[in-house]
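Chains: A, B and C, in written order; residue numbering restarts at 1 for each.
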Amino acid sequence: MSTRIVHIASNTFREAVRDRVLYNLIAFALLMSGAAVLVGQISIGIERLVVVNLGLTAVSLFGVVIAIFIGIGLVSKEIEKRTLYTVLSRPVRRWEFIAGKFFGLAGTLVVNTAFMAVGVFAALLYVSRAFHRADAWILVALYFIVLQFLMITAIALLFSSFSSPLLSAVFAFSLFVVGSFAEDLRGFAALARGVSHWLATGAVYLVPNFASLNVISSVAHEQPIAKQFVVSSSLYALLYTGMVLCGAVLIFERRNLK
Amino acid sequence: MKPSAPTTLIAGILLVVCLGTSGFARYHLDQTRSRTSPDEVLYVESPRVIKRLSLGYDGLLADIYWTRAVQYFGTKHVLGSRQYPLLGPLLVITTVLDPHLTVAYEFGGNFLAPQPPYGAGMPQQAVQLAEYGIRNNPDDWKIYYDLGFIYYMELKDYSKAADAFARGANVPNAHPFLRVMAAQMAQHAGELQMARMMWVTAYQSTQDRDIRANAASHLLALQVDEDVTNLEKLASLYRERTGHWPSNFSELEATGLLRALPVDPLGHLYRLAPEGRVEVQEPDKFPFIKKGTPPGYTPPIPKFLPSD
Amino acid sequence: MSAIEILGLEKTYSAGLWRKRQRCALRPLHLNVEAGEVFGFLGPNGAGKTTTLKLLMGLVFPSGGSARILGREIHDPRMKAQIGFLPEQPYFYDYLTANELLEYYAQLSGVATQERRRRVIEVLGRVGLEDAARLPLRKFSKGMLQRVGIAQAILHDPKVLFFDEPMSGLDPIGRRQVRDIIVELKALGKTVFFSTHILSDAESLCDRVAIIDMGELRGVGAVADLTATVEGKVEIIWHGSSLPASLQALTSESHLSGDLVRAVIREANQDAAIDALRHLGVRILSITPVRTSLE
C-alpha cells in the first residue's frame, strides 16, 4: 500500500518538474538579486529587514500560486484526460490515489522552497556581509510557510476532486484570502450577536487560519518564536490538512467517472 | 506553410515604430508630470483597511509605504514645498503595518515635526506617532529619544522633554546621553551644548542617510552660531577698548584678541560687517543658522538631503 | 465459476439541475463469460457498452445489481491485479516516455521490482513499439497510443482482459496487429472481453457475442447460432436485360448492369426462382449464397 502512494507521489512530482514548474525559481532568483542590489539605495539601515520581508513574502506567494495552479488540476486533469481510468483499473485504492497526489505536490513545494531558501540567504549574505544568530529564525518562518502550503494544497486537491479547474481556482483562492483575514473574522465574531455570532465563530474555526501562521514580520525583526507556538501551530496545520484530505477522499470515493 | 513575407515585414516595422513612439510619448508624459508636484492622493487612507488588505504580508507592505514616505518627502523637499500633507498619513500607515519599524519614528521626529520648509510642521502628530511607537516598543530607547527631541526642538516644552529622556534612560542599553540630557534639561535648556548633544545623538543613533545629513547640517549651523556669537563678543570688546568698531579681523589679531583669522566649518573666512556684526561668506551653504546672515537675507530652498 | 459474472448490473443517470431527468444508460444486465473465451460486446454507439465496462472497472457505481470477476467483487484489489483494461481512445501522461509509463503502471500493478524491466521490454516488443520506447508519449500517433494501451493492459500478465473499442482509429495494419494479439491471448488461455461496433471484427474473433442496443441486451450466443436464426439469401446472376415478371414477387433486390441481371432471393424461394428462369430459357451464370452478417 505505502509503495503505491510513494509511486503516485513521485510520478506527480515528476509531472510538475516536467511541466517546468521549477522555472519559477528563475523569476525568484532575479527578484532576490534585484532586491539585494537595490535595497541599499532605497532604504539604508533596514536592508536586512527589507530583504527578509521581501524574500519570505515572495516564497509564500510564489508557493501559494503554484499550490493552487497545480493543485486544482491534480484530479480534474486526470479525469478530463482520462488517464485516471488505467490507473484505477489497477489495484490502486481511490484514497491511495488522493494521498499520492497530495504528497507529490507537497514534495514539489518543499523542494521549491528549499531552493528559494538558498536564494533568500544568499541575498541576506550580500546585504549583511555576514550571518547573524537571529537569521536562524528565518528557517522557522520557512517551516511555517511550508505548513501553509500543506493546507492550501489539500484545499486545492479537495476542490479538484469534484469541481472544474476554474471553479476550483476561485474557491481555493477565496479560502486563502478569507484565511488571511481569520483574525479579523475573530474580531467580528466577538462583536456580533445572535446567529451572526455563531456563524462567524464557526467560520473562524472552519476557515484555514493562515494569518496565525504568518511569522514573517516577527522574523524580519529578529524576534524569536516560542517553541510552544511552533508545536501547536504544526499540530493545527497537520490536523486541518488531514481533515481536508479526508473530505477529498470521501468525495472522490463516491465519484462516478463518466 | 511559411509565414508570409510582406506581413512579417510590415509587422516588424510597425513594431519598431510603435516602440519608438511609445517611448517618446512616455518621455513626454514623464516630463509634464515631474513639473507638477507628486500625487497628493492616497487611494486608500485608512491604515486599518490597508492592514486588512495586506493578507498578512504587512511587513513587506510596511517597507513599501516607508519607501513611499521617504520618496514623498524628498521629492517635495527638493521643490521647496511648504506643505507635506501626506507625510503624516504615510508614516501612520507604515507604523500600523509594522509597529516595530523604528526608523519611521525617527523620520517623524526629524521631518514631520520641524517647520516648513525643513519639515511638515506637524509636531503634535509627530508626538502622537512617537507615543504610539513607545507603546509598541517599550524597550527601544531611540523612540523615547525621538519624543524628547520633538518636545525640545519644536515645541520648546523642556519639562516634557526631560520626562521623555528620563523614561528612555531607564530602558536597558539606552544611550548614556539620555540620562545626562534628562538631568541637565532643567538648568541648561535652550543652551548650545544641549542642542549639540542632541544632534550628535541623533547622528549616531541612526543609519538613515537623510536623518544623518539633517543632523550634520544642524551641527554645522550650531558651530557657526557659536563662532559668530564669540566673534561678535570680541568685536564688542574691541569697541569698548578702542571706541570704534573694528573694520576687519586683522585689527582684532593685532590687539591680541584673535590668534588667527577665523574660518567657518567649511573653511571660508568670516566677514566683519559694519557695527561689529559678523557674517559668513556663503550663508546659502548653512541652512539652519540663526546668526551670521546679512540683514534681509532669506534662506533658499534647502537642498541638503541625499534624497534631494 | 465463470470468469465474469454480471448479475443485473444497471445504471441510470440523473441529469438536469434538480436531478429530475433520468437517463437509463444500462438496463439490468445478466451475462456470464467463461474463462478462456473471447467475448464480443456488440452494439451501436451509445448502446451502453462503455457504461458496462466502466461499471465492471469500478469507475462508475451501479444503480442496481452487482458483478463478480474471477469470483471477486469489483473493488477487490486482489482481483484488479489479475485484470487488464484498455479504455476507449486512451490517453496517457504525455510528459512520460513509453518506458516510464509502463514502469509506472508496473509499479502500481505490484509487479516485482526485478521483473519490471523485463516485462516492459517484452510487452513493448509484443505491440511493436520497441523503437519508440524512449519517445515521449506526446509524440505518439493515435495508433501508437492504442498499442501502448494494449501494452499496459497485458503488462502484468492478467487473466482477464477488458478492451473498449480496441480497433478504433487504427489503420488496417494496426487492426491486423490487434487482432493477432487477441488471438495470441486466447491461445494463452486468457479471457478477453471486448466491445466494438464493427461487426466484422466480432465475427472473426469471438467465440460468443452479446448484442446490446439502447441499454438493453438483445441477444447472446455463438456467432454461428445468431446468424443461423436469420434467414439465408441467395444471389443469382444471369444474362438478361430485365427482371422477369414472374420473379418480381420472389426477389428482395435486383440490379442491372450491362447485359447482366443480379437478383437476391430468399433461400426458401430459391427453387421456384431457378425453375422460372429455366422456363424462360435464361442462361444462369452463378448462384451464390449470401452470407448473413449479424446485421
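Note that contacts are C-beta pairs under 8 Å (C-beta built on N, C-alpha and C of every residue); 3 or more make two chains touch, one makes a residue touch a chain.
What you see is a predicted model, and the numbers here were worked out from it, not measured in a lab.
Other chains, considered apart from chain B, form one piece (clusters defined by touching).
The chain pair sharing the most C-beta contacts is A-C. Taking the mean of all protein C-alpha atoms as the reference point, the chain centroid lying nearest to it belongs to A. Centre-to-centre separation of chain A and chain C, using mean CA positions: 48 Å. Averaged Cα coordinates give chain A a centre that lies 44 Å from the centre of chain B. Centroids built from CA atoms put chain C at 88 Å from chain B. On the side of chain B, the complex with chain A involves touching residues 52, 55-60, 62-63, 66-67, 70, 98, 100-101, 103, 206-209. Contact residues of chain A toward chain C in the complex are 3-4, 7-8, 11, 14-15, 18-19, 81-93, 254, 256-258. Against chain A, the residues of chain C that register as touching in their complex are 54, 57-61, 77-78, 80-81, 83-87, 89-93, 95-96, 104-105, 107-110, 149, 152-153, 162. Residues of chain A touching chain B in their complex: 42-46, 49-50, 52-54, 57, 60-61, 177, 180-181, 184, 210-211, 214, 216-217, 220-221.
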